[in-house]
Amino acid sequence: MAVIVDSNTTVVVQGITGYQGTYHSKAMKDFGTKVVAGVTPGKAGQTVNDIPVFNSVAEAVAKTGANTSCIFVPAPFTRDSVMEAIDAGIKTIVAVTEHVPVHDAIHFVAVAQSRGVVLIGPNCPGLASPGLGKVGILPSKIFMKGDVGVVSRSGTLTYEIVNAMTEQGIGQSTCVGIGGDRVPGTNFVDVLAKFQDDPLTRKIVMVGEIGGTAEEEAAEFIKTNVTKPVVAYIAGRTAPPGKRMGHAGAIIARGRGTAESKITALEAAGVKVARIPTDVPELIR
Amino acid sequence: MAVIVDSNTTVVVQGITGYQGTYHSKAMKDFGTKVVAGVTPGKAGQTVNDIPVFNSVAEAVAKTGANTSCIFVPAPFTRDSVMEAIDAGIKTIVAVTEHVPVHDAIHFVAVAQSRGVVLIGPNCPGLASPGLGKVGILPSKIFMKGDVGVVSRSGTLTYEIVNAMTEQGIGQSTCVGIGGDRVPGTNFVDVLAKFQDDPLTRKIVMVGEIGGTAEEEAAEFIKTNVTKPVVAYIAGRTAPPGKRMGHAGAIIARGRGTAESKITALEAAGVKVARIPTDVPELIR
Amino acid sequence: MKLYEFKAKELMRKHGIPIPMGQVVSSPDEIKTLPGPVMVKAQVLIGGRGKAGGIKPAETVDEAKKAASAILGMNIKGYVTKQVLLEQRLEVDKELYLGMTIDRSRRGMLLMASASGGMDIESVPDDKLLMLSIDPLMGYQQFIGRRVASFLELPKEQATQVMGIVSKIYELAESEDAELVEINPLVITKDGKVVAGDAKITIDSDAMFRHKEYDELEEDLTPLEAKAKKLDIAFVQLDGNIGVIANGAGLTMATLDSINMFGGKAGVFLDLGGTDDPEKVREAMQLMSEANPKVILLNIFGGITKCDTVAKGVLEAIKDIKNKVPIVARIKGVNEELGREMLSNAGMIPASGLSEAAEKASKESLR
Amino acid sequence: MKLYEFKAKELMRKHGIPIPMGQVVSSPDEIKTLPGPVMVKAQVLIGGRGKAGGIKPAETVDEAKKAASAILGMNIKGYVTKQVLLEQRLEVDKELYLGMTIDRSRRGMLLMASASGGMDIESVPDDKLLMLSIDPLMGYQQFIGRRVASFLELPKEQATQVMGIVSKIYELAESEDAELVEINPLVITKDGKVVAGDAKITIDSDAMFRHKEYDELEEDLTPLEAKAKKLDIAFVQLDGNIGVIANGAGLTMATLDSINMFGGKAGVFLDLGGTDDPEKVREAMQLMSEANPKVILLNIFGGITKCDTVAKGVLEAIKDIKNKVPIVARIKGVNEELGREMLSNAGMIPASGLSEAAEKASKESLR
């Protein structure tokens, strides 16, 4: 057992015949993931990287027993693809697609929650458990098997930090990129809870950003629920304050959302906070 | 502990200032139910049967801790009332109102399910547990405390059967009238599962009707999940076949839905089926 | 509330579902021109009009007038044809089936599709019929349309049209409060167009408060049915001779079952719904007397009204009833004894239980 | 995409939210008549125009022309006023606040209301502000409007109007893909009408594919911003002198943090998004050179593209760049060594880690 991905994970790739779908279905296979099916409407009968393609997720599930989906379809079709996966009984969905309309995301995130489906994304790199498999687009070569769970709102910054850890001999149990979208299917708290329960994870690295209050909520959760050591990095300490979204953003935030607020909250929860990403390996060692 | 209603049940009556709300909030209190609040927008500050009235369910919950709602508002406002109760954190809802548009019911039944809320109705008499309380409009005087769980799609027919049982000294643990609407919040199967788990229930009476396939599904459930003795009565054995809803009704039913189909299925599941309602007490004794 | 074909098709056009060009007339004189060869179709709210001669082809205005004359006024299974729809004849290549209805078990809308549309859709084997439940929280999504098109094995051009129609059926059902939307056949024409050949729509009568447009729409009802509808009483004509009045569908059916046990047969029943309102009981008694049964069986289970109050309503009602028939009355609830006494003093046959009432009524009916 | 007040109000009117009568002009000559006393309001996409003199009253056409002349062309916090809205002046009795936005934590829409509308809404204490999360599966329901009206303690007539407006804000947000809808103030006039005094709407730029109507709408952008937008590159002007190009918002901000650690300061940054597409790197390099930084720091974490391919793109880009500045380049990924060699051969300063790159760039910038 590991976090989200385990040896029972069988993946269907929605949008497999596109450039990204084709590239990453192979990368996932090469990383050891069981990619059992692809879906592109109208392309049933083809194969991509020796993976059979079906017209619908329902068919793919019926024929291959896939339980996890990785979605690469363009943004205008992402809501439909997520709904199709949920309707077909898929229990874990990684939606890589970026630029998904926020009202679409609100809808499918709520439906996923109501059905008990784990949805990561949209606009996320997905997750990787070295030695078990990956679902998404994280570059395979940066990982090394180990006991640190990494959770991040960022894509390339995560790679940067994981890469630095691996270079210093610090391996990862699972790395989850939850994505930076306004309405994410999975939050820091969801993943932190899983890491806390995961016997393969001994320490946790959390990579946040300025904006929103997800890091503050994570800090509160860590305070009362996480006993494993946590190291965090919050990007944007020196970034200029963003342009405002009317008064509403300020009203919701009520002073939270800044790097300062996040770092203070995390430190109060016993989290060691790195000043720059390259400090992370040292602090987690 | 009993089924749905227990000693922790505290009821808010939505639409308490109307005729039905006023009458039945008193009847519920007299039956021993803790009716702690009423809601009628714009009437906060009044009392009805010594029960304080609030403008919203949220307020009623905040001030009185009500956990169960009984809804008497007119049909056009029932969707709103059910949603308001769900949003306010109410965990058990009895929607008495009849003539609720079916698309409204489809929506609020689905939302209730997604939130883990027990919704009985719409268009139902509610439920009563003699000695514990009742939520709904079942006539108080017909009940007697005992160990038979009664579940029924019908209103007055339930009263008829419960009354006949009581007259012959056979008491009830809980009687649930799930209502005869096209899209019910609670089905036979939901209640049968609760009766099977309820230590206060030793035997079960199920009252069905022709039409739909809820009784057939109940029979299947009983076969594999219910070990307590079940007696059933299916109303409409001699009723003429109803007018058809296009082909669609026939297509869905595929031969099921008749009294014959239901009785055969129930008998195959080991259920004793009464020919007329007055035979029920004899069979359950 | 069932809609006539032409009305259902108007709704479909409003929501973007293709229908044939057509014209509704209630007299042959209204026919001035034709859009080409037409079918003249009886507008009745019952199936099987084709076999009954209610659909005729016509090439010219004269033929159309002749066909309309033949069909208008035609009695089809008890329904009199008051209007005919003249509709451009379709060059049929294939007939599909598409339907959407409420599914109790799955508590939501159910979409049905088959490549074998037409008359015999009810007997299509399971594997030729696609049934898809639509998650109400998800609503219509394109994958649903794609699954329908894929099941029907349509070429791309027709697949696109059918997907559009599926989404519009859903939209129509939701926004018009339809509990049934059915297109049978859904025609693929020889030039590749997908068109609704027939249309059945039933509007949820509980949702009429937000569809005032149906207020003036008349239904095909007998005078007694119309009266019952106005009083919100379920009225069903049967072939026996006992008139049953009861409150609640379940109790009414149980009363029928009980009569049957004792050899009686119901000729008509009136279901008041779950109420024991004395005023409604009174009105039902009057309605029932107009239906001329041999015996009346009144079975009221009193919930919140007292039995003597109900009895009072019954007594007032029978004052106005001219043709005296035996009345077996059973009223259950508070002050039961008092109510029973009042009724037996007025010459009615009182009964205390359902079985007893059924037995007495059956005996009277067989006299 | 932020909408101008007049555009936002048009949308509100379309959805049935009351707005004052008004007219937009881009020249005083367009003003011919007034609907009565008006306010002449600068149309700029930035707050605080009132304090900046961008709102003036006018009683007559001449006064309005004078006010419009004064405001048109006015520079408000860097935004040049190109249009003014002449709007019927409201007789204000009360100013409320109503807003709806996306709430990350609750993953849905959040409704906000306060009886203390107007300029200082951000500092309203918590207990004077109602925040209601709307369950996306439930959608807008009337109880939500009732709770708002009850919180605002409005008399019945205004309560009804506000409930209507709340439902329409929700409908607008959903159907127009708005991520922000804000009415501040929501005015109650002396004659009891509820009217949107100001309007802020932001349309989700990710949803533009279904709102083609915004295609022609111009935004207030500098030429460089406009170019970046076209290339889908995030462009932000800062007050330092290092030009940072990185891929991914997090990595870009981390690069800024790292520069800062070593005493450097970014003057502009370009975020390519999560891509390492060599073509995009090339375009970003050209764009950056136009911004005239003292040093360029290129930090690309290669996901699926090879480093040498990215290096090739960079080399091509600098061929066209006229003003030569030091370039610190760090490209991480497959064929890293090869890429680094290519870049140092071309006179660039290679770095292998983020810290090293930040340190080198900072040093160059302080030279």
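Chains here go by letter, A, B, C and D, matching the order in which they are written, and residues are numbered from 1 within each.
One rule holds for everything that comes next: a contact is a pair of C-beta atoms (placed from the backbone, for glycine too) under 8 Å apart; a residue touches a chain by one contact, two chains touch by 3 or more.
This structure is a prediction, so every number in the text was calculated from the model and none was measured.
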item	value
Chains contacting each of chain C and chain D, listed by label	A, B
Most widely separated chain from chain A, with each centre as the mean of CA atoms	C
Centroid spacing, where centroids are CA-atom means, of chain B and chain C in whole angstrom	27
Whole-Å gap between the CA centroids of chain A and chain B	43
Chain B and chain D: spacing of chain centres that average the CA atoms, whole Å	53
Where chain C touches two or more other chains, by residue	135, 137
Residue numbers of chain A (touch at least two other chains)	110-111, 113-114
Chain D contact footprint on chain A (complex, rising order)	23-24, 27, 75-76, 98-104, 106-107, 109-111, 113-114, 125, 137, 139, 141, 152-160, 163-164, 180, 182-184, 207, 209-210, 212-214, 217, 233, 235-240, 244-252, 254, 275-278
For the chain B and chain D complex, residues of the former touching the latter	41-42, 55-58, 77, 79-81, 83-84, 86-87, 110-111, 114
Residues of chain C touching chain B in the complex	47, 97, 99-105, 107-110, 112, 121-122, 124, 126, 129, 131, 135-137, 173-174, 177, 179-180, 182, 184, 200, 202, 204, 206-207, 209-210, 236, 238, 246-251, 253-254, 256-261, 273-274, 301-304, 332-334, 353-355, 358
Residues of chain C that touch chain A when the two form their complex	135, 137-138, 141-143, 146-147, 150, 156
